[in-house]
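These notes open a run of structures that come right after.
Shared between the two complexes below is chain A, which pairs with chain B and chain C, respectively.
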Partner chain A sequence: MAAVKTPRQKVANQLAIAAVIVIAIIFLAPIYWIGSTAFKPRALATTVPPTVLFQPEVTPFVKLFTRRVQLNRPVEPEAYEAAPWWEKRIYDGGERVLRVGEDVQLSGYPDRFLNSLIIAVTSTLLAVSMGTLTAYGFSRFRVAGEQDWLFFILSTRMLPPVVVAIPMFLMYRVVGMTDTHIGLIILYTAFNLSFSVWLMKGFIDEIPKEYEEAALVDGYTRMQAFFKIVLPEAATGIAATAVFCFITAWNEYAFALMLTNRDAQTAPPFIPAQVGSGLTDWTTIAAGTFLFLLPVAIFTFLLRNHLLRGMSFGAIRK
Partner chain B sequence: MTDVERNRVVTTVALERLDPRSRAAARGWSDLTIRNMFIIPTIVFLIVFNIFPLLYSLGYSFTDFRASVSAPANFVGLDNYQRLLSDPNIWRNFTVTAKYVIVSVGGQMIVGFGVALLLNRSFPFKGFVTTLLLLPMMMSMAVVGLFWKLLYDPSWGIINYALGLGRFDWLSNPDMALYAVAITDIWMWSPFVMLLSLAGLSAVPKHLYEAAAIDRASNWYTFTHITLPLVSPLLLIALIFRTMEAFKSFDLPFIMSGQPTTEVVAIRLYKMAFQEWQTGLSCALAYIMLIVVIAITNIYVKYLNRVKER
Partner chain C sequence: MTHIELRGVQKFFGDVQVIKDMNLVIEDNEFIVMLGPSGCGKTTTLRAVAGLETIDEGDILIDGKVVQHLKAADRDIAFVFQSFSLYPHMTVYENIAFPLRATRQSKAEVDRAVRRVADVLRIAPLLSRRPSALSGGDMQRVAIGRALVRSPKALLMDEPIGALDAKLREEMRTEIKRLHMKQGSTTVYVTHDQVEAMALADRIVIMNEGVLQQVGTPDDVYTHPANLFVAQFVGSPVMNVAEAHVAEAASDARVVMPGAAEGFVFPRTLLGRLEAGGAKGDGLALGIRPEGVLVERERREGYLPVEAHIIEPLGSHDIIDLKVGTQMLRARTKAGFVPRPGEKVWVRIDPAQAHFFDAESGRSFGVRL
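So, the complex of A and B:
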């Protein structure tokens, strides 16, 4: 189409590009707003008209990680001078950091962030390793009723979380697994497993069977051929599948809300719970949200060539 | 051994060497063992952690069990289902869900396909801009939904400021709340429709457009007779998938609004199960929801396989 263009087509093309720019700005405004609010002084977070340009500061992140109380009298100058830079920021805001002895008390955020990381990483490892094996099994061997099994596997992914959470809650209560890491890891593994099987099957189907057969002729066992020939060939696919599983587990909200409340709580149910009525400090919430969204944004760029495949369960390949 | 016999033995051995299956089977595990070892754990895992819980809740759906009290469950037959299906409030939840599905999926299809049409040309930084536009769908619905509350704030939200609406009330206004949540959903998931549409558009053979241009076909004719029919299989997949997801939605309406006008079925189910502790009744509602989801999944997989075969 890049051939000869009439002037009219050129104008239409330029108008379309202008429209793309406008749409991109509208689409990205909410994300910019999260990012910018995370670096705003508290007083500028809710101004009318909205503050777009400002002197960025890291105070919201200091507040995000510490437990604080309101100062009931002005801080003594000596204490203020002796305080490290980040504590001065807290004093400036009319608050002080809570300490046990010398140690600064941390807020609930770091623990929740760590929980999210542990649960997402473990369930991803499980789902991807089991999914890769199963995908290989379906791809290379004859399985009676293959289509039905694959449909069954995919259908488990489509179950509404609330529907699954009710019986899981009752069962976990019996065995004492509510609010445990392992409880959520199992659920997220089950949720991602079907996705991982479908996506990996697509990737493994693309590896020519002849590679393995040549290896078998050369005296490899089937297992050796799988580990030494198929897995290295499928490495990109495995990485893409893993990132998708990680993002799904990282973002999941409903299961975490219903099956955890403290010890194993992940960041998605924790962050909204910080919003109180009245004087909500949006800068601190934005800081928490920003740190939480950052890994996903980075992964999206790493995954950009596999997004279509992942979002269509491996059915559509470029 | 005669020469003929010797030859036959040599040939058989050689053939066995050539057939990889029999060779591999002689050493290590047989293919059958490996297949079972690779597939069965996954199937068992899914049955134990997905199907068994569902059977467990199917049992409870015929009882008056309440998880908050220690009283034993009594069998009540189909009472729960009858009660739910004759409850006008439950029907209202389904109506709200249907409205939400239509508004948000409709919006996503229009915006997503529209933006894809605009993006379907070459321009500088195309890949980068496309990836940026795909960001919303990769993010946590709960966390992003929370932040949209700030954007919608009637007194200092940037949406009212940008649109010059003054102190217009979005989320605490019963008439607007559903649309406000749907707009956020459209923002999050139009990129999905856009992604699939772009794939469809890039697969349309260029020579069809060239032929249309030679025939002096109008833009509209080219669009309705070439572009749409060729992109429609992927649009249909996007439509079915988004319909299913929108039907299940919980995170966004739950986080963003507490209005009865945004109480979709999943939220009602959550409240019934985890706030009112009507466990038996909620299991029955879960099953009603499940039947709808399985029906849509069936249609979805059918079309997914159809596209895959092309």
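So, the complex of A and C:
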């Protein structure tokens, strides 16, 4: 590109920057809304027009993590004075924290969050590792009916998943996998596998097979060549695939709602269930949602360098 | 001591036979160049020797041992790829050390071997770099270094300098030759560039369409091509091949090209030699390299008058197209010898440099005068 820009280019540049800003605002606004609501006093959460400036507080998070009941009579002053700061906030809201003896009763959120992590991470690991091996096989060996197999793998994504919801539910009930971690892990792995195979095949096809052949001639086994040469070369693709698989598994709502209710329930079906009776407590929901956004954000941030290359796969000629 | 032998090797890709009954013996320390146009099966043959390709029939022997069932890793052979295939995620040092890491040598031994090879190839200052920071020639040196570092039984190279630009190619050619003279390992080198083949080879193996055409020293394949394919593939500019017939004259023989008023003068012994070689009267092709077409500006005894058609000045010499009868012969002359096209010149064919082929099968009649 020329170092000196013509006025026309300058204008075009500025227009592009303006467009990027507008798009960024459009995309970031909901996230800001959730984030700000998570720190708002309950009364300010639903004001019209929205409150932008307010004193942030963590009460929604306290509510999110504790099990509470409505006060049926005013709290006694001694009890209020003896309570820690966060419990006072609950009293202030006309509720009290449930305790068994001295122990605070936690809400279901931490468990659901942990379930989400276990299920999303495990299914991502499985989908990416199986996908990478399958893609390697398709990429490097002559497989009988290769095109048909690949089409079959792709075709598993052609139905909207909800179409198979009821058969899936019945099957899971028969084999006793409803509300189990393993059940959702298998389901999400199956969802992601076809995607992972296709994406990884693209990446592995781009790795010259001479790399492995050189290793094979130099005294390495096919397995060693795969781990020492192909995997490091495919790191970018693996990172990109992992992010996509993780996001899919992390955000999945419909099947989690249908197939789990307690032990293995993930966060997405749990959060809206907190809408609760009486007035909807949007601040608590926002707090739950806000925390739920963090793992994906962190995971994506950690892999950002790989992603930038991964997103443009096929677009860069080496 | 490494001795490689191919016995009746056949290879199919689906219905296409890419290697047809290949028999070849490669001696210890020999530099063999496999030469042929792309798709002739030379690379497949090389890969079969390395163990990167299976064969359908025949035997491959290394030092007398049948190896076609052995994995590439167990053949103790090194391979240099056209694409260099240096691992981008490793430094030059690690790339060269990579083959040694498979052999459980001590760190000190690996280090010594890497540095020795780096010195030989003059890439010691580059050891800590990544391949992406190297020039094409240096990448190639590293690739050769990686191949040489564990002192393999044989070194196989698949168009190792084909991806470099012309000047660098020449430089690396010399370097490979120097290296071979210094290290002296059995080498099989695949190329489609006949200049490279002539310059490097102890013996050249010429292939076409999966069939071995001729094996011989560079001089041998140049001066005694076994058939028309070899004759036209080796040498630049390409050997002239012209339809011709031989006529008997009073004291000599004449080789007449169609449409020409007179024939070129050949010794009478030609007739007997042709017959001994199995030639019948017609279907004869005359092959003559441009340097075998002798051109004079003035009339001389035994020379035919022709017209210079096109002149290609190449600096050190000119290539001139001469119209003889209905066909063209290209001649090589001193630079500026014929000043301009259209000029009348006198030409003769040097019988000692003439070849006679069966126009149909392409086989040489083996006539030497």
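Everything below uses one rule, namely that the second predicted complex is superposed on the first by the 267 of 318 C-alpha atoms of A that agree within 3 Å, B and C clash if a C-alpha of one lies under 4 Å from a C-alpha of the other, contacts with A are read in each partner's own complex, and residues count from 1 in each chain.
By our rule, a contact is a pair of C-beta atoms (placed from the backbone, for glycine too) under 8 Å apart; a residue touches a chain by one contact, two chains touch by 3 or more.
What you see is a predicted model; the values in this text were computed from it and never measured.
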Which superposed partner A:Thr221 touches (first chain B, second chain C, both, neither): both
First (chain B), second (chain C), both or neither touched by A:Phe203: neither
Touched partner set for A:Trp282, first chain B, second chain C, both or neither: first
Contacts of A:Pro232 with chain B and chain C, given as first, second, both or neither: second
Residue contacts on chain A - larger count, chain B or chain C: B
Touched partner set for A:Leu193, first chain B, second chain C, both or neither: first
Which superposed partner A:Phe113 touches (first chain B, second chain C, both, neither): neither
Partner chain in contact with A:Tyr211 - chain B first, chain C second, else both or neither: second
Touched partner set for A:Val143, first chain B, second chain C, both or neither: first
Chain B versus chain C as contact partner of A:Phe255, first or second or both or neither: neither
Overlapping contact positions on chain A, where the chain C interface meets the chain B interface: 213, 216-217, 219-221, 224
Interface residues, chain C side, partner chain A - complex: 50-52, 71-73, 75-79, 81, 83, 85, 87-89, 98-99, 102-103, 146, 150
Residues of chain A defined as touching chain C within the complex: 208, 210-211, 213-221, 224, 229, 232-233
Touching residues on chain A, where the partner in the complex is chain B: 1-2, 13, 16-17, 19-20, 23-24, 27-31, 33-34, 37, 46-50, 130-131, 133-134, 136-138, 140-141, 143, 147, 149, 151-156, 158-171, 173, 186-187, 189-190, 193-194, 197, 212-213, 216-217, 219-226, 247, 250-251, 253-254, 258, 267-269, 271-272, 275, 282, 285-286, 289, 292-293, 296-297, 299-301, 304, 307-308, 311-313, 315-316, 318
Complex contact set, residues of chain B against chain A: 17-18, 20-21, 23-24, 27-29, 31-32, 34-35, 37-39, 41-43, 45-46, 49-51, 53-54, 56-57, 60, 67, 115, 118-119, 121-123, 127, 129-144, 146-151, 153, 155-156, 158, 161-162, 187, 192, 195-196, 199, 206, 209-210, 234, 237, 244, 248, 250-251, 255, 266, 269-270, 273-274, 279, 282-283, 286-287, 289-290, 293-294, 296-297, 300-301, 304-305, 307-308
